[in-house]
Amino acid sequence: MTTSNKKNPYRGMFLTWLVLTIAGVIVSIYAPSRLMPRSMSDNMHLTVLTMIVFSVAAAPVAAGIYAFAIHALRHWTHKGEAVPAAGPVVRENAVVVTTWLLVSTLLTVFLLIWGLGALAVDNGSSSKNPLVVDVTGQQWVWSFSYPGTHVQSNELYLPVGREVEFRVTSDDITHGFWIANMGVQVDANAGTWTTIHTTPNQLGTFDIRCTQFCGLNHAFMVTQGHVVTAQQFTTWLDSQPQRA
Amino acid sequence: MSIDTHSAHDAHGASEGGHHEAPEVVDGRQRMGIWLFIGGDIITMSALLFTYLYLRGVNTGGHWRSMVGYIGHSYSYYQNATNLPAPSLVHVSTLSAGLNWSVSAIVVVSAAIIWAAERGLRASKNAKSYSTLAAVATIVTVLAIIFSIVQLRHIPQIYVAVNDSQTMSYTAYDSAMMVIIGSGILHLFILAFLGLGLTIRSARGVINGDKWYQARLVRMFWVWVAISAVIGSLVTTTIH
Amino acid sequence: MTTTLEHTTTDAAPLGGGLARRQNMATALVGGVLFAWLFWFLAHHFLDASSRNYSDLVSVSLTIGWIIGFWLGIGALNAPARWMMGRDNTHADDMYLAGQNQGKARYWKYCTDHKVVGVQYIIMTMVLLGAGGILAMAIRTELIVPGNHFVDQQVYNGFIAVHGLLMILALIVAVAGPWGNFVVPIMCGARDMAFPRLNALSLWTLVGAAGLLLTTLAVGSLSMGWVVLEPIANQAGVGMDFFAMAVVVFTVSTTVAGVNTICTVLTMRTKGMTLARLPIFVWGAIIAAALGLYAFPYFALVEAQTIMDRTFNTSFFVASGGGTGWLQANLFWLMGHPEVYVILLPAVAALFEIASVMARKPVFSYRTAIAGMTGLAGLSILVWAHHMFTTGWAPTLGGPFMLTTELISIPTGLFFLVLIGTLWRGNIWMKLPTIWMFGFIANFIIAGVTGIYLSDIPIDNQLHGTMFVTAHFHYVFVGSVLFGAVAALAFWYPKVTGRFLNEFQGRIAFWLAFIGVQVTFLSMFLSGLRGMPRRYSSYALIFEHTNFITTVGAYMIMAGMLVLLGAVITSWNKGEPAGPNPWHANSLEWMVPTPPPLENFTVLPVITEDPYNYGEELVRS
Amino acid sequence: MNKSKSLGVALASVLLGGGALALAGFALASATPHQSALNCVPSQSSPNTCTLTLSTFPDSLAGVHGKGGGPHPDWVSYSNDNLVVPANTTVNVTIDQYDSGGSLNNSFFDQVMGTVGGTATIDGKVVTSVDPTNVGHTFTLRGIPGSGKNIFVSVPLPADSNTKQVTIGEGQYTTPVVVQFSFKTGSKGVYEWNCEFPCGGSREGQFGEAMSTYGYMSGTLTVN
């Protein structure tokens, strides 16, 4: 180490950076999909993918900071109680500043381009006749109705593979309609409609939680939804009580 | 930090503990303070107008100015709604921004008076006449306050049926107007206080032909209040 | 320059008779309570008790009474009254107000000496942090297991609201309050702030606001979060009125303080102290002050509208009257995002100062540092809607706001550049401030990276409103700002007390807090990723383990903060003596004796170069 | 100050501070009003069955809010707030509804949902839904105890139009509408129930005051 320091004092820092970066990249690739709820829609796939990309992009930067900090603590700290002698006088270094700006700008631009692209995909409505579901938030219950069918339910049933358009409103104060497994979230506002689109692509059950603080029992404003096959969906619709 | 103490004594007043600074030095500092306060006040004004324009833009349920046909609760927006309570009659807001103009006009007049008074003071060095004019400006301001309160009382109260129970409510338009007028009243009270201060101080000769700096400071703020009043009237009359 | 000022005008004519001289915090409290009662009594008797707004009107007038009485009692209204009557303070009066020859008593008075105000701000910050921290512990205790066992949902909702606002107020003043008042004027070579009485006003107004805020807990029923969500704030109990009024009063304090700081720096600099020679902390202080001047009017207005909705039946946020909760979101975040940088910038600037002194090197690229801070301040007023990506308001604006938000990472990166460049190959003096600074560096990068996720709408659509967001901004506020604030405290503590903050205890506190922060908020990230929304008083079993770990970590942080508090208190009189310039720094505050005398300088110094000339040829007087 | 002394001070501050906090916590926990839990009474006849009996009042005089109705005598209230039932059991609930009524915010809640057989017995009449314009309160129970199945029970309680006077506690009421239904409890966990008829104060949705205050129109259902 000491000899290598003589050769190149920053070799240690570089190695630390390399190790941390590799570790970071590995974690970035494997962690998101395992830490987040099971993906059940195209939006959620996109979300997880974006998280992986951003984490990979951020790993070398964070690693750099930590590598520097570790190196500084190991090699550049002043030993002893006496007042340290002055360090080297470096007031400006145009090259370093410009490079730093350039790199951070490039990273930001990359994130932006990816983000805007992902946003376009995220908001895009792929289908001509989406299944419309009217979502009503009320302290502290969600209710779902299927226009044209006179069916109103407290659990959400969706056919797999068909785009859904949620039209969300509230009966009292603002709630946050969030399907934890589908990466879609929008507030339910009194007197206003907000809409989100998603296409469920996995069969199964998912949780719906309120993400906008809505008072006393906010924590209990939860319900479940089910993604079922198309004809299971129609059978379910028919089985429901028809409301005037 | 390298410090040269030998040349320190030509920093004037330094050895006297800094309290004998030249009046124009103090004045310059205070003018900057006033400018900064006005800056903060400009933000407040823009926030008020933002409120007004934003509510106008969103116009939830078309109830910006009118709640005619308003039905008990938002469930009524719901296409397959059932068993809604009967629509309750509520009338359109008849409030007009016209009174804003009358108030603004009065404030502008008071600002003009205080400005003229200051010019007179600096030209003719006559503190007595300044005192009189400041008193007049103060009285005019109080008039503006009274007008604003009258205006507030003109805002119609609207009754809405929510779940069969009558509750009073103002439309968004009325609300935005109320907050603009309210902030106006707040400013007018400050002006009245300052005007009274100027009157008394000049009467006592604390403000005089040579010490007129505070007159200018107050005038700066006064003029800004007048301008903001006019801006408020402009916006509320052109967009509604 | 170690001689102090001898003043011959010690017992001049008392200020407005004897009474004004006896005013202190006690009379302020008495006055506040008295007027609160008076206003309550009047409202109680002359208002229509059948009105739906009766209780709100009563409590609002009560709060107004409190603050008026408090101002009267502390003596804040003496000067305006004397101005109006044309009987200005004499120099003797001003000297008395500045606390001349009043010993410890002046710390409990409406004292205009910027150093006294600075110390009062230190105490105020610790009180607010302490109260907020106790609530944080209560929140984590409630969340240690699923279900409501410690307190019920309602009390819990009150806790999260008051914890949030208390901590925000505490951090807004944590660095800018104590050091913006204590050291900034000396750094500029000024004898005091530009407007000493306004300085005292800002401090004591903050005290009044804090009093209101702490009473809200007793009044209770605060189910609206610290951001005062609308329209739900219409449902909250009368505690809501106290809460909103506390905010309005607080904005008065910050506005006054901001104007004062800016004027001081721009007009009170001594000869030769050009803007390019200002210590970097001064730049941070005034940029933050200017940003606060921009931001806080929105805060005052939105709370005023909240009060109007509750008391006058206006419909700013009530859909049935044509209002919308989105208005609250817009106005609040127009303030809310700049406010984050009002909190962050002074801490970062203080760390630049500390890095330079401790590494014995000039601040690396002084101009870049200023550019970064200015750029951040400028951008921060253009990003507010990224807090509203999921509200459904104007989805088309998502792209532009995503752009401005992600641009913020560029000036933020410059902060790291300046810190790294300053420490690079220095002789880093590993004292307490340095250690906490390294803690800041380690935490701030995590805060920054997680911020990038949230700025991206597809990710935000999943993570917004979850514990992930909570963990992110706690890494900013606790992991970064609080660490910076403690570093600043350890750095300037010797200048205030003449003694070092106990090194050993400081290190114990650091390790407890640093490890605690990682344990607490990394596990909180997990809760968020797994799908636990914010502001939950209870949670499903799948979140059990991460929440338990979070609570354990939170207790660790509290232990660290307690050790620090003990150190601050015990070192004040018993710490190791430090002398006037313990860090051998070059900026002006270290040139004056410790504690600095009234009016700081016998003769105002004349400056010939900036304070970062380490290793360059030193010319000392 | 030497190291050991410093360490002593550090420990002292942690112990003192922590102790003070712990005391404050206990004080708080005991000070916050936790009303006595109502345990489900096991029935002798059939196994895995128990009975809960509740009431809804137009005020707080008859509930468990203490003498004179506690802080808000005029607020509507349920007779209990914290219900404790065993897991995987059929719970027979009887609710005496003493309050008048009006229209629902959301007519969704005029149906009987999640009960055994999807029905409820109202004054001896078996129904699946009631008139949404004449509802007094509802009993609406929900929650997800972790990864388990969502539970949702909602039963409308029609308005009381009887005239015969009765006295309960300090309150004067008319003879109640009696609503009976039963539901099956799932796995262990804490659930939450409340009234979905907008009977509180405030302007948006009438969900303030009694609706937003713990222990009046809402409570928890603890399954263990």
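Labels A, B, C and D are assigned to the chains in the order they are written; within every chain, residues are numbered from 1.
Criterion: contacts are C-beta pairs under 8 Å (C-beta built on N, C-alpha and C of every residue); 3 or more make two chains touch, one makes a residue touch a chain.
Small disclaimer: the values here were computed from a predicted structure and weren't measured.
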Check your understanding: Which chain is most remote from subunit D in terms of Cα centres?
Key -> B
**Study point:** Chain nearest the overall Cα centroid
**Key:** C
Practice item. Could you please state the distance in Å, as a whole number, between where the Cα atoms of subunit A are centred and where those of subunit C are centred? Key: 30
Practice item. Report the inter-chain centroid distance for subunit B and subunit C in whole angstrom, where each centroid is the mean of the CA atoms. Key: 28
Check your understanding: At what distance in angstrom does the C-alpha mean of subunit D lie from that of subunit C?
Key -> 41
Revision key, fill the gap. Subunit A and subunit D have mean C-alpha positions lying a whole-number Å distance apart equal to 36
Point to revise | Set of subunit D residues in contact with two or more other chains | key: 105-107, 144, 198, 203-207, 212-214
**Study point:** subunit A, residues touching no fewer than two other chains
**Key:** 136, 145, 171-173, 190-192, 207, 215-217, 219-220, 222, 243
Exercise for review: For subunit B, jot down the residues that touch at least 2 other chains.
Suggested key: 60-61, 73-75, 82, 162, 167, 169
Practice item. Over in the complex, which subunit C residues touch subunit B? Could you list them? Key: 1, 5, 7, 52, 80, 83-86, 88, 91, 94, 191-192, 194-195, 255, 258-260, 262-263, 266-268, 270-271, 293-294, 296-298, 300-301, 304-305, 308-309, 312-316, 318-324, 326-327, 330-331, 334, 586-588, 591, 599, 601-611, 613, 618-621
Revision key, fill the gap. Interface with subunit A, subunit C side, in the complex: residues 153-154, 157, 223-225, 229-232, 234-235, 319-320, 324-326, 359-368, 390-392, 395, 398-399, 402-403, 406-407, 409-410, 413-414, 416-417, 420-421, 423-430, 438, 441-442, 445-446, 449, 452-453, 455-459, 461-462, 464-466, 526, 529-531, 533-540, 584, 612, 614-616
Exercise for review: Could you please specify the touching residues of subunit B with respect to subunit A in the complex?
Suggested key: 60-61, 73-75, 77-80, 82
Exercise for review: Would you pull the subunit A residues touching subunit B in the complex into a rising list?
Suggested key: 134, 136, 145, 147, 150, 169-172, 190-193, 243-244
Review point. Where on subunit A is subunit D touching in the complex?
Key: 136, 138-141, 143, 145, 152, 154-155, 171-173, 190, 207, 215-217, 219-220, 222-224, 241, 243
